[in-house]
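So, here's a batch of structures to check.
Across the two complexes that follow, subunit A remains constant while its partner is subunit B and subsequently subunit C.
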Partner chain A sequence: MMRTSTFLLLGASALLAAMPALLSAGLLNAAVQMLIAALFASAYGLLAGRAGMLSFGHAAYFGVGAFATVHAMNALNGAGLLPTPLLPLVGAGAGLAFGVVAGWFATQRSGTAFAMITLAIAELLHALAPQLKSLFGGESGISAMRMPAWGLSFGSTTQVYYLTLAWVLASLALLHFHTRTPAGRLTLGLRENAHRLRFLGYDVHRLGVSAFAISGLFSGIAGALQVLANEAANYVVFDAHVSASVVLNSYIGGVGVFLGPALGAALMSFFGYAVSDATQAWLLYQGVLFVIVMMFMPEGLVGLGATARHRVRVLGPARALPLLAAGMLAVLLLAGGTVFLVELLQRLCSQDYRALAATAGAWPPVTMFGRSWAAASAATWAWPAGLLLTGGALMAFARTRLLAREAQR
Partner chain B sequence: MDTLLFGLLNGLIYGLLLFMVSAGLTLIFGMMGVLNFAHASFYMLGAYFAYTLQHALGFGPAVVAGALLAGGVGAVVERFFLRRVHHHGHAHELLLTFGLSFIVAETIKLVFGNFPVDYRVPPRLDGPAFAIGAQQYPLYRLLMGGVALLMFVLLYLLLTRTRVGIIVRSAIHKPRMVEALGHNVQLVFTGVFAVGAALAGLAGAVAGAFYTTSPNMAVETGVLVFVVVVVGGLGSLGGAMLASLLIGVMTSLAVSVDRSLADLFALVGAGAWADSVGGLLTLKLSSLAATLPFALMLIVLLLRPQGLLGEKN
Partner chain C sequence: MSGTILGLHGLRKSFGETEIIRGVDLELAAGERRALIGPNGAGKSTLFHLISGHLAPSAGTIAFDGLDITGQAPQRINRLGLARSFQITNVFPGLTVFENIRLAVLRQQPRPTAFWQRVDRLPGLREATEQLLERVRLQARAAALAGELSYSEQRSLEIAMTLASDPRLILLDEPMAGMSAEETDYTLALIRELTVGRALLIVEHDMDVVFSLADRISVLVYGQVIATGTPDEIRQHQGVREAYLGEEANAQVPA
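Then we have the complex of A and B:
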């Protein structure tokens, strides 16, 4: 088992290292964003998954790391002890420092109140940032230049990619190492039973702050990497949707497994990049996916593989595989029907279309998926209805059969 | 003097509106232990429902219908979403409502567009109520305060003077015991959730016409409402009232204060130094009004972690 996972890890790293040779410049930029999102989500996963503390304001630590880095870039100009490749250390330091302060406040309470405090701290920064122009640059933000260092110019996307990759892999390795240390084990204990830890003589508040601060540290590195990639920072990094997307991504991936949040974030930001031109409703799909994951697969997407393997092992491949395939087909049909419906509604509700319909006095056809659809015709609406009904029926069938066969055992 | 009086009145009425939203939130929390992240979404839904229906029904009935529809959505959320994940624990429920609030906001953007809609106070209510000196006070503000007050009186009477109120209060305290006595506690949960959502929807339908109705209103109000319930003490209705009024008055008075910390330092002769430091020290209090509730929350958490009227946990 150990050997396969090491093998997989090496393979994945080699694939990541070969990316610049395989991808175009645009896709490589997207890959940089995916790596940064993956690191941010992993830092979040440490707090939410391992320590069991739900933070709704993680954009604050990301943003603090980003702004500290952009100021360091401008102040040092790549000279002195901090050449460009080491700049994420500034983000790490700032994230850590802010994490200690904010964590000290937030971990006074646990559970729901904790979540609200993190939210309020992030909103405090979000409301304050536009006012403090000298620190956060106002509307236009602050820009900086990546200075050449160590014989590298950092002018090309490829070099930025390798810089990001090195930092992300090193950070993930450190985060993984943290799970093996006594402190990391105690973090897990914090989630499972804080009372017991207190009885055993541990300082629970200090443990909470340490988990919070370490999460802040790696969030700060992610923020710093984003500044290095964009050569600019703007106060929109404090926006609520940055905090929201890291929560959604991490839980869609699954916070119970170390790489779950990272995979979820990489997947989501890849889809976000791939479909952002094709649809305006991407955030809606992300929200719907999140709610479905929360309702039906609390382990996240990484839990799916394990569930499927378990079913195959219990029932035998011949009996389980056809039903699993039917379930997958049902998911595709349901997803197709939902996308059809959302895209159709989005087009029918758009301002342009409403103006058009008002002047024409009728429902003009809409263009979607490369062809024209009559808005008022039953045939158009039969498509999503048919897809959803077939998918739903197939899903119900596969589910009941699977459960029935499992019950027979 | 006029400014102070008007600011105070504005703050009180804004506080009452905040309480209308936070009352449901804190009741639901006290009862089910769930902090409903989507609560402010019901506030937004109320406003949008009323906006959509006002042409067909007229303003008054549209407000009532908006509140009822928001309550209906609340009942659906409790019955078909929250109850299904209840066995996964409170954190899971919080996350689910977080996802739902996301979906509501995105759906609203999809249907109504990502900009404020033209939801206005009807002309016959859009006049001055009274004037002090040269300044006139809008009638609609008083009306909002009146609606909020009326709701509290009704809610209070319902909770303290009726049989349903007794069952609800005991279900908050000891749900198992109430169930053992033969009451349908699940139904009580759904009912309280729906009533809380309807209250938030009513606040949204009433306030949306006066302030702006936009897809961001849920997030903006939501964050304030969370501050209210944490400052007041989670689950405490009286605390929510106190904190709502405090935050309402504080923010609305701060808007009219044109002073900064540097002026404070000037009193002890360090004004020039503070001016030279700049940054936070020279920011006017009026521009910091939006950050005051969060600062208040951090101070309260520091001095009294359980909230102003909360029980120690």
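Then we have the complex of A and C:
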């Protein structure tokens, strides 16, 4: 088991290291964003998954790390003790410091009150930032230049990618190490039963602040990496949707497993990159996916893998795999039907189309998936209906058979 | 049995208008096993909450081993050597039994919240954890989740966690509540064995347990101690019989 996971880890690292040779510059940029999102989600996972504290304002620590770094870049010009590759240390320090202060207040309470305090802190920064021009650069933000250091120019995407990769892997290793330390074990106790921890002689507030601050530290590194990649920071990093994304990404991936949030974030930011040009409904898809994950697999996508493995082990591959494959096909059909429907409706409801329809006096055809569809024709609507019905029936079939086979045992 | 480990003087606690603890004086000798009995609503659990720092008293003082601990934070009181269990089982349900005890034992380490060393490399931690597991006979369940244990196993776990800090005074709040006769006998033997050399203050509704375990018994009725004495003295005490024992004999069901 240990050897399998080591093997997997080395394989994944090698694959990540080979990315610049495999990907175009545009995709490599997306990969940088995926890595950053993965680190941010892992930092969030420490707090939400392991410490059981649901923060709704984690953009604050990401953003503080980002702005601290952009100021350090401009002030030091890559000279002195902090050349470009070490700049994320500034983000780490800022994230940690702000995490201690905010965490000291927020962890006074737990549950809903905690979530509301974190939300308020992030909103406070978001409201304040445009007013403080010297600190946050107002609406236009602050830009900076990556300076050459250590014989590297940091001018190419490849070099930025490797810089990001090194920091993300090192941070993930440290975060994983934290799970093995006394502090990390106590973090779990905090989630399970803080009250009991207090009567075992622990200062629960201090433990909470430390978990919060460590999460802030790694969020700060993620923010710093984004500034290094973009050579700019803007107050929109404090936006509520940044806080929301990290929550959604982490839970879609699964906060119960160490790499769950990272995988969820990487996946979602990849989809965001790949799909956001093709559709205007990306946020809707993200929301729908989140709702489905929460309803049918609260353990997240990582939990889905574990469930599948468990089924295969219990029923045997010959009996389980065909049904799992059928289930997967059903998901694809359902997804296809949903996407078809959403895209069609989105086009039909758009202002342009309605204006067009009003002048034409009929429903003109719409362009979708590279071809033209007659909006009023039954053939067009039969597509999503057929996909959804077939998918639904297949899903119901696979599900009943799977449950029946399990019951037989 | 030398010296006083716990002294309550003129202790009072009100919730709004209602005074629950109405002037309690109580002295517990080091190494003594003391039972606290009384009808439902007498304030036994509240008294435990006051002693362990869960609640702050409205008036009066609490001295632990000569030190004034009135109104101190629970974690400070615990570190002085006073540990408690809870009436409702209070463990870490989503963690393994081993992890539950390890978190309790960890507190005794010189740097229990270290984030720079691995927990499985801490000297003596695993041994101490396994020793406690063995003492409460939960070795076979070490890898099970605490939330999946049977009720009496959870109580054993709770007692192990209470013992982890090697306390000089243990407060047990109804450790036998909801147990079968067999489980009660088992837990009674366990408590007797594990509290040797420590002072014990136990709240319990099972009178067989109380009279066989306790060196002395205090009777709490409506927030006041109306009698303290050996089991025999309490059995003979007229006021206690009227206020409590007769009534309890008809209603053995614990709260």
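Some observations on this one:
The criterion applied here is as follows: the second predicted complex is superposed on the first by the 409 of 409 C-alpha atoms of A that agree within 3 Å, B and C clash if a C-alpha of one lies under 4 Å from a C-alpha of the other, contacts with A are read in each partner's own complex, and residues count from 1 in each chain.
Here, a residue touches a chain if its C-beta (ideal position, glycine included) is under 8 Å from a C-beta of that chain, and two chains touch if they have at least 3 such contacts.
All values reported here derive from a predicted model rather than from experimental measurement.
In the superposed model, A:Ala68 lies in contact with neither subunit B nor subunit C.
Look at A:Leu54: by the touch rule set out above, it reaches subunit B but stays clear of subunit C. When the two structures are aligned on the shared chain, A:Thr181 is found in touch with subunit C, with no touch to subunit B. Looking at the shared chain after the overlay, A:Ala94 reaches neither subunit B nor subunit C. Touch criterion met: A:Leu283 reaches subunit B, while subunit C stays clear of it.
In the superposition on chain A, A:Asp203 contacts subunit C only, with no contact to subunit B.
Taking subunit B and subunit C in turn and counting the residues of subunit A each one touches, the greater count comes from B. Residue ranges of subunit A in contact with subunit B, taken from their complex: 52, 54, 56, 105, 108-109, 111-113, 115-117, 119-121, 123-124, 127-128, 131-132, 134-135, 240, 244, 247-248, 251, 280-281, 283-284, 286-288, 290-291, 294-295, 298, 342, 345-346, 349-351. Residues of subunit B touching subunit A in their complex: 29, 33, 35, 81, 84-85, 88, 90-92, 94-96, 98-100, 102-103, 106-107, 110-113, 219, 223, 226-227, 229-230, 234, 278-280, 283, 287-288, 290-291, 293-295, 297-298, 301-302, 305. Only residues 52, 54, 73-75, 78-79, 83-84, 86, 90-95, 99, 102-104, 106-107, 109, 111-120, 122, 161, 164-165 of subunit C touch subunit A when the two sit together in their complex.
Within the complex, the subunit A residues that touch subunit C are 177-178, 180-186, 188-189, 191-193, 195-204, 206-207, 210, 214.
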